[in-house]
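Order of writing sets the chain letters: A, B and C. Residues in each chain are counted from 1.
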Amino acid sequence: MLEVRGLTKVFPATRALDGLDLAFEKGEVHGVIGENGAGKSTLMKILSGIYEPTEGSVLLDGQEVRFRKPGDAMAKGIVMIHQELNLVDDLSVAENIFLGRERTAKGLLDRAAMREAAVELLKQVAAPFSPDTRLGDLSLAAKQLVEIAKAISYDARLIIMDEPTAVLSDRETSALFELIARLKERGVTVVYISHILSELTRVCDRITVMRDGRFVATLPKAEASPAWLARLMVGRELEDIYPPKTVPPAGDPVLTVKGLAVADWVEDVSLSLRKGEILGLAGLVGSGRTEAAEAIAGVRRRAAGTIERDGEVRRIRRVADGIRDRIAYVSEDRKGCGLVLAMDTEENITLANLRNYARPVIQRKRERAVVEDWVKQLNIRVGDVRSPVVNLSGGNQQKVAVAKWLDTKPEVLILDEPTRGIDVGSKQEIYALIHRLASEGLACLLISSEMQELIGLCHRIVVLREGRVMGELEGDEMTEEKIMYLAAGVEPEVAA
Amino acid sequence: MSVAVERKRMPRGLILQTYGALVALLILFIGNAIWQPDLFLQPENIRNLLNQNAAVGILAVGMTLVIISGGIDLSVGSMMALIAALALLTINKSMTGGGAESSAVGMGVLACIAAGIGLGFVNGLVITLGRIAPFIATLVGLVAFRSVALALAEGGEIRSASSNLFPAIGDGGIPLPFLEIAPNRPLVLTWNILLFIAIALLASFLLNRTRYGRHAIAVGANERAAIYSGINTNRVKVITYTLMGFCAAVAAIGESARMNAVSSAQLGLYYELDAIAAVVIGGTSMNGGRGRIWGTVVGVLILGIITNMLVVSGVSAYWQGFVKGVIILLAVLIQRGQSDR
Amino acid sequence: MKRRFVHLAVLAALTVGVMSGCQKTTAGQSGSTTAAGGSGSGTTVNGKKLKIGVSVPAADHGWTAGVIYWAKEAMAMHPDVEWVFSPAQTPAKQISDIETMMVKKVDALVVLATESAPLTPTAEDAASRGIFLVNVDRGFLKPVANLFIEGDNVAFGRKSAEFMVQKLGGKGKIVVLEGIPSTVNTDRVKAADAVFKANPGIEVLASQSGMWNRQKAMEVMQTLLLKHPEIDAVWASDDDMALGAEKAIREANRQDKIWMLGGAGMKDVIKKVMDGDKMYPADVTYPPSMIATGIHMAVSALRDGQLDKVKQFLPKHMKIDVELVTPENAKDHYFPNSVY
């Protein structure tokens, strides 16, 4: 139904697509995977009309088409649902669905008609909320449903979903998959981009692997195993993803948190962390993990509780206090809070620790030397340390963020979703890094929504639910079932 | 796993964006030199060009810091009028009280600088502690400072009692003996021009070589990330507005010394807009986070040359504003066109 | 690296440009271009055309519009002179204009200052370079001009104040509207004040600046009307201001109780005096054409290169007398075709 031939797209800094040939059939769920920088996003942006190709052609039902703006693609029934949802928080669900194509009666807005239509659409996506709800009040998962409803309202023939489950819980993911199945029944083609190999094998009919802007292979569901897919993506052998665990040295804890409370998010959290230990913090979205970590680091205000470092109560009111007490927090939103995208790699890495380089004027040479050292140590793939970090891939950006915090010489490192949105190869590198840091004596607090990650890396896991510690798991106790039970109070869905 | 390092070549479009203002300046300069060689290239004309734009130039340099850090300051023109008035009142009071001219002028200058720093600091506090948007906070200053200046001067002008020392600040400088405007009259490189250059260098140094500069860029580019990195964003902002006040003070001294008087209604009128225009033309983004002092200097010169051109060719003063507006639009369009896609 | 290279290239180009400009002027110095001396016929000096700069305020009120009109008339009378004409809105701009004229090597400058004090340093500079300087109306604070032409502002203030006192019968409450800060304003107001003080029955309720501007005067008058419920007359000192004040007075519906005395002889106001308008019983002349006088004097002083001789008899200070216009003699001062 939709085909690309010899598709090439050149940007000033890189060649994102290089002679790609690919075909999508009507009514199939077609997964697309590849490492970061493989060109998936670029392909989708060309298909949805955001970019124009440098060379090559796009054929719809055998006819060549040129999309100059997203409107062109949408008019032909190709709709993309982005990772960053394009919705307006201050408007209602119905208003968002009809944004830009408001229905009018006699020149004025026909609110009733739009509302009615919205109700219908929401039913199709099994959305539990009303069209009058203010969009900003909905969860990310619900917002996504609104986007899908919007796509359907365009009579979409092909819907592209870019990392849709990145912000969804397991239950919401299942609901999404059901919706995709229903769309398929109606003859809508779904192109599904994701990193999560297990999901792709679950929901897609065929999976295409891309690498370096080129086509590698398209596999039918039956032939696609996560291991094989990973191999194709990376093009090389992958050893075991998680490094073998070491036993942390016994001793007094370096970090002890007692009765931590944060307004609206955290009721009562206590935990302790030893030198060289990797402690996992598990829980559903909204359980208060990030907020607790932010409070420990000094980003967020503490309503109650104490924080002890090496047995001494410390007053941590601002981030600068946290840095002084050798606590580092690598935030989950690297683009929003972690990095200054307009600045370059060098400036970002030294940002939290400039005092070290200013005597009193910033010593550029020293900066450069230290930064190059980090680049080597963490294997950050960057062309020029003086070019803005916005040009780096997600994995490399995350490494820069981690490097920044490591430069403050912390004794406690808090990592919040460090591998979100990162390709397999970089993930592995980050796991190895965490492992190495822990074995060198750094105490790590790891927040993650990927249970496998927690189980693979951590010595212990603390589970939060609604701002409270529900339990602690160690050794063999660390299983998905147990984590899920504590986090949600229910049995997890068994993966197909 | 190897570290991939690719040498990146700067594509043409990027060069235009980064150096567009510089290229424009060069074109203007050469164009004028060809069109009016007897007039434009005369050292006195170039000196006048620099001298007339020095005050706006100094403001623009300070404004660059403010805009880079994510803020804006609309009050500087009015601030100039107010602190210059205070300076002259101090001089006059001291001299009528029997003080020596040198100490009077000294006190006047100090008063001006102290007032500039003080008002800038107040702006900073209102914006950080008061949590009022910079646009609004300095808009208040724009109106309020001018108002106080008018009140102090009763709507008129304040004339300096110092007839030698103070005007010497405005007219004096380093004589260039090899350039003469009349027999035995060397061209003077005025203090105003030297101050402009000095402040530009100082600001550039602050921005690129100190912690404060790095922090200011971070605050402007991504305030959340700056907070998360432990930067005291409030302190950075207050320092920035205080520096702006200092620049306003230097500019005020220069301007009022040139005229040896303060016209309460006219001094500094609309200077803040000229300063902002120069910053924009020079390539600093209004969103904050990226900017160059030398770009602003180029912007000041471009505006200055264009005004000079219009005056020399006899175009009515009323059209100058229109021309300025068109130039600003063009500058922004050219810069923007290169940064997308 | 590339950045540095571009910076250096631009710096080099600019330096070369300035240096070549220097070469030109130092070479040109040998043929000096002072305005005096040398033989030459007509309006040429040393074989070069006479170049005169005229710098006046921009037309922000009727009188200054009249100035510009008369300046252009005068300049048109001497097409053989190269004129450089610049109206300026602010003192800073006027300073820039004059500096540019000096770079253009004018032989003479005719200046009507926007404000007296800020222009004085520049005037000193021009005079020290040997440029023939004519100062019209708003005087510099130092006597640096070769010729200073002004209306007799002291007589202006005195005559108008005396008329007002007489008409009020020595008793009344008045408000004073002042103009732009300058020697002109100071002289007028001081003279008027002296007269008012000498008459104890006259109470000056307030003295505020209307900047010789119709709009501003109206706003000031509005406030004064609110503040002082009883006003008998307004010493407006300028016809534009009088018209502005009239508007405010009519809006407050007090036109039967207040009358005004303007100044400068605007034709509309002269007409009102001629017609016996109750609010305008008189006017005082102050011709904007004095700029033409200044321009004319500058040309005649410099032409034929006879400046040294002319200086022997040219007065440094010329005062133009002002006349009180009443309904009796108004028709002598009414020029309906005039622009002012």
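The definition used in the following text is that a residue touches a chain if its C-beta (ideal position, glycine included) is under 8 Å from a C-beta of that chain, and two chains touch if they have at least 3 such contacts.
These numbers were taken from a predicted model, which means no experiment stands behind them.
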How are the chains arranged in terms of who touches whom: line, ring, star, complete or other?
line
Among the chains, which is located farthest from chain B on the basis of C-alpha centroids?
A
Hey, how far is the Cα centre of chain B from the one of chain C, in Å?
32
Distance from the CA centroid of chain A to that of chain B, rounded to the nearest Å?
44
Which integer distance in Å separates the CA centroid of chain A from that of chain C?
72
Which residue numbers or ranges of chain C touch two or more of the other chains?
none
Multi-partner residues in chain A (2 or more other chains touched) are none
Write out the stretch or stretches of chain A touching chain B in their complex.
12-13, 51, 298-299, 318-320, 322-323, 329, 331, 336-343, 347, 350-352, 354-355, 358, 360-362, 364, 375-376, 379-384, 387, 404, 429
Which residues of chain B touch chain A once you look at their complex with the stated criterion?
1, 3-8, 11, 13-14, 205, 208-211, 213-215, 217-218, 221-222, 224-232, 289-290, 341
Note: in the complex, chain B contacts chain C through residues 10, 18-19, 22, 25-26, 29-30, 33, 37-46, 48, 51-52, 154-157, 159-160, 167, 170-171, 178-183, 185, 255, 258-261, 263, 265-267, 269, 294, 307-308, 311-312, 314, 316-318
Residues of chain C defined as touching chain B within the complex
2-3, 6-7, 10, 13-14, 17-18, 20-22, 24-26, 29, 32, 58, 84-93, 95-97, 99-100, 102-104, 115, 117-121, 125, 128-130, 141, 180-181, 208-209, 211
